[in-house]
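The structure is given below, and queries will be raised subsequently.
Note that the chains take the letters A, B and C in the order they are written out, and that residue 1 is the start of every chain.
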Amino acid sequence: MKRSRTFRWVTLGLLGFYVIAPMAASIQFSLEAGYKGRLSLTAYSRAVAEPGLGTSLFTSVKVALGAMAITLVLLVPTVIFVNLRFPRWRAVLDAVSLLPLGVPAVVIVLGVLGAYKGLPSAITGTPVILALVYVVLAMPYSYRAIDAGVRSIDLHVLVDAGRSMGASWRKLFTRVLLPNLRSGILAAAFLTVALSLGEYAIASIMGFNTFPVWLVGVEGNDPYVAVALSIAALLLTWFLLVVLAFAGSGRRRRSSGAFGTGLVGVEAEVQSAAPSSVAIAMAGEESGGLV
Amino acid sequence: MSVASGARVRSAGSGARRRRYLAAIGVVPFLAYVGFFLIVPAATVMVEAFRDNNGGLSFSNLSAVLSSQQPWLHSYGISLELSAISAVVAGVIGLVGTVALVSSPNRIARRLVTTACGVLANTGGVPLAFAFIATIGNAGVATHVLAELGFNPYDHGFSLYSFTGLVIVYLYFLLPLVILLMLPPVEALRREWREAAATLGASPRYYWQKVGLPVLTPPFIATLMVLFMDAFAAYATAEALTTGSVPLVPIEIGALLAGNVVTNQANLGDALGLGMIVIVGIAGVLYVFVQRKTSRWLR
Amino acid sequence: MTTTSATKGEQGVGDRSRGGVVVELVNCRRTYGKVQALDGFSITIAPGEFVALLGPSGCGKTTVLRAVAGLEQLDEGQVLVGGDDITAVPPHRRNLGMVFQAYSLFPNMNALENVAFGLEVRRMGTAQRRKRAGEVLELVGLATLAERYPHELSGGQQQRVALARALCVEPRLLLLDEPLSALDAKVRAQLRDEIRRIQLDLGITTLFVTHDQEEALSMADRVGVMRAGQLEQLGPPAEVYSSPATNFVAEFVGSVSRLPGVVVAPGSVDVLGSRLVIPASAGGDFGRGSHVDVLVRPESIRIRPEADGPAVVARAAFLGAVVRVVATLPDGVEVTSTLPASEGYTLPAGTRVGIELLGDVLFVVDRQRAS
């Protein structure tokens, strides 16, 4: 018994070290800013003054919000509709939502450029196209989050109750369904935004100056600024993700599945390891991750 | 009365058909969207791979990719090697970590680690590459510390900006993925099996050899497939870290698209992309196949 | 490869030598944090004997079993099997057979391979161990399902395979941890008889843990009733049932009615108008005139409709062959009686009834004591 305890602590300790070390080193690196032994915030002050920070961030944020909006408008009604009226299609949609995991981001870019180069440049020449594609990249996670949220409420009961009281569909939707689906919607929104903010491959290949693309450019000139900015962005996203994960589980035990399923995908559906666990982060790398 | 009932029967039939159309309306936007921004691009790549520069059908791209004179096979080789090695290393380390985690009775710690893994598994690309550059890059903090101790890894042939470096960095988001995927199967290993094996005379090692590991093998292989697919498709981390010095297939495709090469090689990129689709597809099919076996055994 | 014991080499499973081994636990103690799971527990099991440990959850019966198996450590005390002190021996060297409550079959092996596992550990050759395993499967009646995997077997079939697996290695001692608890009633009854039959055939010393009294009473040579880590009584089923040693045993095994009475003379008590004998074993010296609570079994109580009877039927539960009738006395005391179905039928709730007490008292306790 005692031997397994040491084993456990040693293993988890080593893993923990491997996880924390790069982050700690990054912070140290950014604080040293090349002057070993002297910690200062110069890298951060230079970062704020770095040309292009504002525009690239702004571009990324616009794209992220756009992707989020499209995601929600597209998925929420669809998921509600399918769960309400045509449950047999649920399996189909579930499988379809996982398809993006089987197509590398690079290939998507290839295909989009090849298929849609004839489209007006208002779409393909501006970051709009990024938002449109990011919706698909985020779909394995966002669909899962919304679906879990919808399944955790008694959809039929709510709708029947609302309709029997004479509520119109619009009222039902805005006043009954959406508030109850808040955690799932929030999770899907957040996952989409996080993924969009951090996506690099498609943005760089298509030549858009989003935040990650700009960051890579900065690294050539001033690595300390680059590291400072990226570690700041990373830690902020981590913090928000964790807060959301625990906030989701606090309020209502069932609805925690929404965020959990989208992000972690394990706790909600232990037995059906296939769909939900694959939906974890598989595309995390190819799209540049959630950060 | 008969007229009314006849009318009712008729409307029932058209009502059902109408409902089916309604279903179509409900899911059409979603399916159309996925069609436009996923299926069509993927199909385009697969079709364009067979087009030569004049627009006619040909195998010239395919043969270029598969030719030993060209660098593309080498790229595939490197990509496959990197993905396979990363997957196996992450798989083994991650499995050990999962077993260690499961043996802990502390529920809060377990929840914490699981959430952390969910976050870490989604951490990749640019920030991760930079974090490692800051740690064990040329001017990295850890490099500096080691140099002070008299052993600068860069003097001994190590470089973060290489194949090895990529494996080390890929581990960062692959390991949490392993833990997340292997937690359910490892938790499903019943205590009774271990105890029954002990009462039958099996040492702990014998139990693992004959029961524990065999039961974990199908889900482990499924996990390896997922890791492989993830590593194979990775672009951002590799690009940010090595800026093209390691010739991975995604990087090559990116280079072709960035116009670094003559325009009549555009369809070559499609051929390369087709290769990627095929490889990822095979891994995906294997995954589904193995996953079915897992659920049978682990109830 | 032959088995380690040359004499057993050619014997079939069914004709192994009778005799079993003695099993002894001496003064065992085990604490988990604040809970005292075992508190000075001792027992001696004769060779070939079937002892059932019975008690409520948390009484420590499973701890005893797992301590004998080596799956739990004892803080104090010894475990001796066949005279050997195995207290410090790890579980995989104790050569015992154990059957768990459920889910203990290895999912990656079929029934035959599961049964043969113990032999595989002992490095028996493939052909030989498959043959031996086949014979044991025959013993439990599952020879035709040898190729099936655990997830293709029903609960009852799985437990049979588990039993075969435990017996296949010819252990010195058989341990069963509530093996029937997870099964349906009908399967449970069937398997109960089979386990007992096989145990008698093989003459193997057996320790059986259960919370089901019927199982314990019907299967065991001796029943040990446990509470809070201690043995309250150990004896043949009839004795535990009819001559309980403590109040707890009297109330835990079977059902009782607790009736107020007055002692008229040593060994004689007045209850509800009847004068009953207090057997010597039935508890305590009470002086004449003491107010006591008398415990009586339902079968010792006769309830009959009487227009001016003292009690009123509260409820009657139809159990198939018998009807269990509960009647209330004016002071709220409940009287439970089991009557043949033909008689109990005519007693709907609200009927006035008279109570007649037959036979001896089961147990007597002081009225003031709150047991």
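Operating definition for what follows: a residue touches a chain if its C-beta (ideal position, glycine included) is under 8 Å from a C-beta of that chain, and two chains touch if they have at least 3 such contacts.
Every value quoted in this text rests on a predicted model; they were computed, and no experiment measured them.
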Intersection of the contact lists for chain B and chain C: none
Chain of greatest Cα-centre distance to chain C: A
Inter-centroid spacing, chain C versus chain A (mean Cα positions, whole Å): 57
Separation of chain A from chain B, taking each centre as the mean of its C-alpha atoms, in whole Å: 17
Touching two or more other chains - residues of chain B: 299
Chain C - residues contacting chain B, complex: 69-71, 90-98, 100-109, 117-118, 120-122, 151, 162, 165-166, 169, 175
Residues of chain B touching chain A in the complex: 22-23, 26-27, 29-31, 33-34, 37-45, 48, 93, 96-97, 100-101, 103-104, 113-128, 130-135, 139-142, 144, 170-173, 175-177, 180-181, 183-185, 187, 219, 222, 226, 229-237, 239-240, 250, 253-254, 257-258, 266, 269-270, 273, 276-277, 280-281, 284, 287-288, 291, 294-295, 299
Residues of chain A defined as touching chain B within the complex: 4, 7-8, 11-12, 15, 18-19, 21-23, 25-26, 28-30, 32, 34, 36, 74-75, 77-78, 81-82, 85-86, 89, 92-93, 96, 99-115, 132-133, 135-136, 139, 194-195, 198-201, 204-205, 207, 212, 215-216, 219, 223, 226-227, 230-231, 233-234, 238, 241-242, 245-246, 260, 263-267, 270-274, 277-278, 280-291
Complex interface listing, chain B residues touching chain C: 190, 192-193, 195-204, 206, 210-211, 214-215, 296-299
